[in-house]
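Presented sequentially are two complexes of chain A, the first with chain B as partner and the second with chain C.
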Partner chain A sequence: MSYLKPKFRHPHLPKNELGYTKTEYEGSLSTLCAGCGHDSISAAIVQACFEMNIAPHQVAKMSGIGCSSKTPTYFLGNSHGFNSVHGRMPSVATGASMANKKLKYFGVSGDGDSASIGMGQFAHVIRRNLNMVYIVMNNGCYGLTKGQDSATADEGSKNKTGHINPFQAIDLASLAIELGATFVAQSFSGDKHQLIPLIKAAMEHNGFAFINVISPCVTFNNNVGSTKSYDYVREHIAATSTVDFVPTHDEITTTYSEGEIKDIAMHDGSIIRLKKLTNDWDPENRLSAASAMQNARANGEILTGLLYINEKAANLHQTFKTTDIPLNRLTEKELCPGSATLSELMKDLQ
Partner chain B sequence: MVKTNDFVIRFANVNGTGSASANFLFAKAVFRMGIHISAKNIFPSNIQGLPTWYEVRVNDKGYVGRRAGIDFMVAVNPQSFEQDTKDVEPGGYFLYDSTRKLYDHQKRPDIHYIGIPLMEMCNNEYTDPRQRQLFKNIIYVGALAELLGIEFNVLEDLLSEQFAGKEKLIPLNVRALQMGVNFIKENHPSPIDLRLERRDNTKGKIIIDGNAACGLGAIYGGATVAAWYPITPSTSVAQAFESYAEQLRIDENGKHLYAVVQAEDELAAMGMVIGAGWNGARAFTATSGPGVSLMNEFIGLSYFAEIPAVLIDVQRTGPSTGMPTRTQQSDLMEVAYASHGDTKHPVLLPANPKECFEMTAECLDLADELQTLVVLLTDLDLGMNDHVSDAFEWDDNRKYKRGKVLSADDLDNLKERWGRYLDVDGDGIPYRTIPGTHPSKGSYFTRGTSRNEYAAYTEDGNEYKKNMDRLLVKWETIKNKVPGPEFIPAEEPTSMGMIFFGTTTYSAEEAMDQLREEGRAMDAMRLKAFPFNKDVQQFMESHEVVFVIEQNRDAQMRSLIMNELNINPAKLVSVLNYDGMPITAAGILEQIEQHIQKIAIA
Partner chain C sequence: MEPTNTRDPEYYHKVVDCQYACPAHTPVPEYIRLIAAERYSDAYMINWQSNVFPGVLGRTCDRPCEPACRRGRVDDEPVAICRLKRVAADNKGDVTERIPQGPFKPNGKKVALIGGGPASLTVARDLAPLGYEIHLFDEQVAGGGMMRSQIPSFRLPETVLNEEVDFILNMGIHTHFRHYVDSMKDVLSKDYDAVFVGTGAPRGRDLKLPGREEGDANIHIGIEWLASVAFEHTHSIGKKVIVLGGGNTAMDCCRTSRRLGGEEVKVVVRSPFEDMKASPWEKEDAMHEDIPILNNHVPKTFETKDGKLIGMTFEKVEAQYDENGKRSLVPTGEEPVFIEADDVLIAIGQVNTFPWIERDLGIEFNEWGMPVVERKTFQSTLSKVFFGGDAAFGPENVITAVAQGHDAAVSINLYCEGKDVGERPSPLTNLIHQKMGIHEWSYDSSVVNDQRYVVPQADKSLTLRDRKKEVELGFNPEVAFKEAERCLNCDVQTVFTENKCIECDACMDVCPTSCITFTDNEDEEELRKKLLVPAENLTQDILVSSTLKTGRVMVKDEDVCLHCGLCAERCPTSAWDMQKYLYNTAKAAV
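The block that comes next holds the complex of A and B.
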């Protein structure tokens, strides 16, 4: 890109509780195509982090390779970021998290990165319930290599060149539920009213929070016949519920009639308030969530919103019983057993 | 002729029958009598039912390399009976289970047979089938004690230590030993030509395998994150780390000061190490050749994005799946230049368990100081066999060298603009920041793509080249940071030299002694690391012929020396061993002799 993002800011921009303006959560100017769904997701992440009063330096942005994996440059410019290798972000995030349990880990991946080359690591990071947010910006194609079908492209979907995909799609959200993910949501890059509260809830979740966001590729997969185009997604979207995220300290002011509302308490005391739109679905019941997904798919619908949540499962640090001080802050004083202990160990080997 | 404290005994067993602990009891008893030993486990890639051998070399001079030829065979595995018969040296001894009679045509006339009806004795004594199997092993240890002269109380002490907490088992085992002793007293009373005599050569020494030493070295070196995937022969490194951590790294509240992740594959294991290293924790993985192959992409990321990481490669026989339970030094090239593009990595080369301990800790320091992957290259022989070693030591004043990491104060006090890849000190090593350090300074984007000195993405060829050239400056710094070679000069000046590293050392030193005794001493150099410093260059330049002794087919160390030091290949003569068994002094001498004769004829 040959131009720079303007640095001018209105002097009276609103600040959050930490004294940061929204600008301080932004990143560099996006180099993605104009109208790319991914940019809307980046904007939603900025908004969510600003409103959640998250200190930018307490977030680590992790990604793999691909258009989606480039986006961490375009949000949270004051956070460290790591654009690792294709499909292997989950392992890098796992190691990073082991080193410092106090940071928030924000993973961004794509459908190629997670559903193909990185399928193994995607499955195993879920299995370990690593404490992180994991967003897949899902456009059903390989944008950066010019539009080849990906493993999430729907069977029968037509891409820009007219090619019709003959293979079944991998449904990442259903798969995540099947693999035991403890927070699974699905959304659409064009629906920030749904996406922002979902991101907030994901960031407060204790464990692995997965959000599959349908994010149309305007250049290679926004044509008639594609099931990941803006028009198609808008026409086929079905929401489980409306989602409100209520942080711990906010008073709940909205009122709904009884039976309509479901409040889910999170580990830190904050609440996810759902106004259910779908019957026979309980987001705290894995079986029910899986069956709601299957039903929607059978009806040709894309089910969005919070799909499944389990706040009770132990995250990886809890499983490992790691000390409260981040491992990267421990010094020889805590870590090295010293020469006297070594002499004792040597005696046992004599 | 009586051989005192100088012979090789081999135990031929079936794996999964409990023979390993009985055989180790034998080896440790000899060690406790102050005698030098080396033990080698020659085992199948299998859990139960296949032939497995355990070999102990006893030697007063302290030669602990492998020696070919078996002086005493304990043949308790009918499957390998024929082969075991062939392997005994003329005049040697062959102990077998005489419950089944051995016919004359099965016997060699030139070796001595000692029959013990092990199965019959066990069947008479025990009713439990597992006991019948286990005590068979203990009975033959008792028989060996009587035949060779192991002090009985040494064995008793060892059993008491082994079964501390399970005291009921001690008298049962002592009784089995006694059965073996008594049988020999009654049936083979005349002494044999192999004897053990108490010495004072192992005082203060320990017996440990290299993998356990690496695990302990990682504890002392401050590793907090280990990520690994099971693969022979490296598995016990991570297991040793975890078991020492359970002992030494759990605080009073039961909280763990470590995390061990068994990854889904080696790719993920290396990814985790890199993630942890990026985030400021000391991390390592342990694997073998096939695992390193899988890690190649990540290794390039560590090199290019400059992230500390430690890789312990316990080499096995390649290529492909190769011989997973046999030893080799054939990953040298692979680790030295791992990954695509222009890459190279420091490699440390331990030769004994003490160095495994020290160098693992040193690798953790070096990775932080150099901000790159550091490899500890060991092998199955060192990693999985029990070695007599000097006891490990640790200086309590030692501080971990964490390298150029900027704190929040450092960032506040910086006068100039900080650049993640800016060479401020001229040593090619830039300053880094750890995520979460400062609210508004020092954040940057880490990537495997090209970037400028300030970590911003760039496709500018000049910026790319400047960075690649800085990495070469860093490489020069590395040469003086890694351990230098050990120079062992001959007493008289000589134009011939030999060079070796890792587990080749034991046999090379034995060969060196023999050449000296024959009046043909040559200078020697033991390499402890790659890249080579100027001492190695000088050694190469100051000799007309240098024998490069190593355990692989393609003379990989020779290639590295030629490549890195620009040495005339004609003067580098390969001495190789690559059958999967540890190299022997006799093998080295034979190849050196052949070359010397060739020169003489020419």
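The block that comes next holds the complex of A and C.
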């Protein structure tokens, strides 16, 4: 088995504005099972960061435990990373972000990691609107521990052993909307056309950006009867819209002939351009997004695309009025304001 | 675009760039793997089947395979294919038993071969085992043609040549050496069932300039002079030598001169250095032996004093190119340059002459005095007469002569059996699974990063003293192994089975050289543009699947595929498989 990726690349690989090719955004050769949906998501992250001209050293990858949480080894090999404890990625990410808000935080988790052991952390990081991208690679099972049903497995779904899940599923995207997440999207590992622009938009979002990506576990949950298999997902997918992400400095060149176009302006001037496919849905209206989700579920559809966005809410740093300077760069000058200032402060507290 | 027809034997053949480019279609990666496995005799035999002279070619081949080698498109330099062949030849054991051994059961047919160069010898090698009685005529004292008379011993030791020529002659060939054939009519009047003409391009071009006659004693035609050295008639040359010409003959002339007493040997060419016909490595070898190459010098006169050559004058020019890239050499207007010389060697090209073929026999010649020969069958306009090698289409090289010899032998055999020579037999092909276990392949799929290894040379203080001392020492087995590992195994094909694919994208994501794209179908031109990296190298095919479940197609650009097998390793359903493609051109005898 190959454990190293050959060094040679296509001699005409395109370069981005930083002069990097996609290679500079790759990680080591994956050790996940061949065909695992998680690898496709890693590839989408690589492509999105390349296209966004992100400097790799400006990114920190945070993850918990699981096959999904292993993936940061397989993308952005030149970035920072922290592979934390099962379900505890959000608090580690919060701490890191508090220490240095200049980095882009890229959280990767699994359905087990987020919807079971990490559920409390998941809820609170949403509530606080931490400025980060949070991707759940959702395969409806605990892949790493050999495929036990997870909390996102659909009721009635059959796993590889033939066991039928008796419990209701936790719908992470609906839950995120409910908890007040300011960017919620859903996608499928097998649809990079949709996933890549969503990741780009998530990276530009001011606040917490959640993407629930259905990502088949080929080894334990890709059987007939599973609702998280490649075939099942492809048959039941319905998109809210087609998604284009248009960075600030690009002109909008794509033209649409039919359907309703909706442009959503991001805080930095970039635009998410949606060609709506679903009626009665307004991505900037929480109620409408929530009901679109409920309707889709009632119809047995998996709704993908951008579901909800709110660019105006304050993120955690804005709420806390944190300093722009990374904590390790603060000097005595900023940290010890002097006895005069301290006495002023003390007055308030007396 | 229509799905690719991989059943066409040429599709996968083309992916093996080196083999496809080799005129004899030698299965290169197959023998390179055998060298890595230290199975030198097996590697030798693979070569011998295809190119008949592995020891000769491993030292002297023009190597059309190397510029074609895939490694050169992803790395700085191609695999040293040619010099690896030499490793097989140098380290082989006794292979005589594996060479067809006579006496063969006669088939009652008789064939005459005129000329004993590589073309004729290949025909002999292919027809003798089938029971043909073969008569080979050559005016030289031994077989080998220009491999013996022209290629100097410091590049090709006589022992190496003799061994490989003898493999063939020992098959019971009736040789008639020192026999110049002076009439085709005579030959045709004998009871030969077919005649093969492999007489090469035996005459060197002369250069008629003022002073040519007065200086004649010290002005020599390059190829005549080289032959005279090879056959030990000439043993020395003056201290100051001018070699005219920029091809490989000029390189052999100047290097031979250095070994026969030439101290100030200069190569003088009309063209710019880059446009010279000589292979880059031959120019390097000449310069390494302290031979300057003066370019942009057009010869004007031979200068003599008291009836003896004293040098030459040249006009300096510069190359100018018009908008079509056509070159003209324009005088710079500088003073003519005089260069002293005791001897001048003219190496400005070879011509074919057939004074011995009467023109009323039904063998047609074209306006340039070349026989009219059918490109595929090598048949002349007189159906029992075939041409091959330099005699057929002008001067080329040994491997081309061999390839044409194989094809001509197929034709002669068909002809003698009363069959249509145009009905060519198909190549032998085979596609074999390389899986040895989960993610285990029968070949070294990992891609090494090593740069091309340099072949060591003997010190020039030794080689310049003895014209027979071989300059190149060849790779030792350790370095040969490392060089062999650079080969990408392009014959191990990526074979795609559409109905197994679940479109998980794993192969597309993992491919290090971004060869694989899943996309909507288009016509070829559009499809090539739409790939992850556009497929701009039009000499390389794209592999297109039939329509997949989602309505897309899988498109693989063959151009820079590393044959690393990662697509097949990452595929959950074995929709990709690594399969070794064997391709052997059809030959008259195995």
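Just so it is clear, the second predicted complex is superposed on the first by the 328 of 350 C-alpha atoms of A that agree within 3 Å, B and C clash if a C-alpha of one lies under 4 Å from a C-alpha of the other, contacts with A are read in each partner's own complex, and residues count from 1 in each chain.
One rule holds in what follows: a residue touches a chain if its C-beta (ideal position, glycine included) is under 8 Å from a C-beta of that chain, and two chains touch if they have at least 3 such contacts.
Remember, it's a predicted structure, so these values are computed and weren't measured experimentally.
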*May I ask you to decide whether A:Ser91 touches chain B, chain C, both, or neither, giving the answer as first, second, both or neither?*
first
_chain B versus chain C as contact partner of A:Arg9, first or second or both or neither_ = second
_Let me test your reading of the model: by the given contact rule, A:Tyr230 touches which partner, first (chain B), second (chain C), both or neither?_
second
*More residues of chain A in touch with chain C or with chain B?*
B
*asked:* Contact-wise, after the overlay, does A:Gly37 reach chain B, chain C, both or neither (first, second, both, neither)?
replied: second
*Can A:Leu277 be said to touch chain B (first), chain C (second), both, or neither?*
neither
*Mind working out whether A:Gly190 is in touch with chain B, chain C, both or neither, as first, second, both or neither?*
second
*Figure out whether A:Leu287 sits in contact with chain B (first) or chain C (second), or with both, or with neither.*
neither
*Is A:Ala314 in contact with chain B, with chain C, with both, or with neither (first, second, both, neither)?*
neither
_Overlapping contact positions on chain A, where the chain C interface meets the chain B interface_ = none
*Residues of chain B defined as touching chain A within the complex*: 204-208, 216, 219-220, 222, 224-225, 227, 248-249, 251, 254-261, 263-265, 267-281, 283, 297-298, 301, 391-396, 398-400, 433-440, 443-449, 457
*asked:* Can you tell me which positions in chain C touch chain A when the two form their complex?
replied: 73-75, 438-440, 445-447, 449, 502-506, 508-510, 512-515, 533-534, 536, 549-550, 560, 562, 564-566, 569-573
_Touch list for chain A against partner chain B, complex_ = 55-58, 60, 62, 72-73, 77-85, 88, 90-100, 102-103, 120-121, 123-124, 128, 317, 320-324, 327-328, 330-332, 334-339, 341-343, 345-346, 349-350
*Mind pulling up the chain A residues that touch chain C in the complex?*
1-2, 4-14, 22, 29-30, 33-37, 39-40, 42-43, 189-190, 192, 216, 218, 222, 230-231, 234
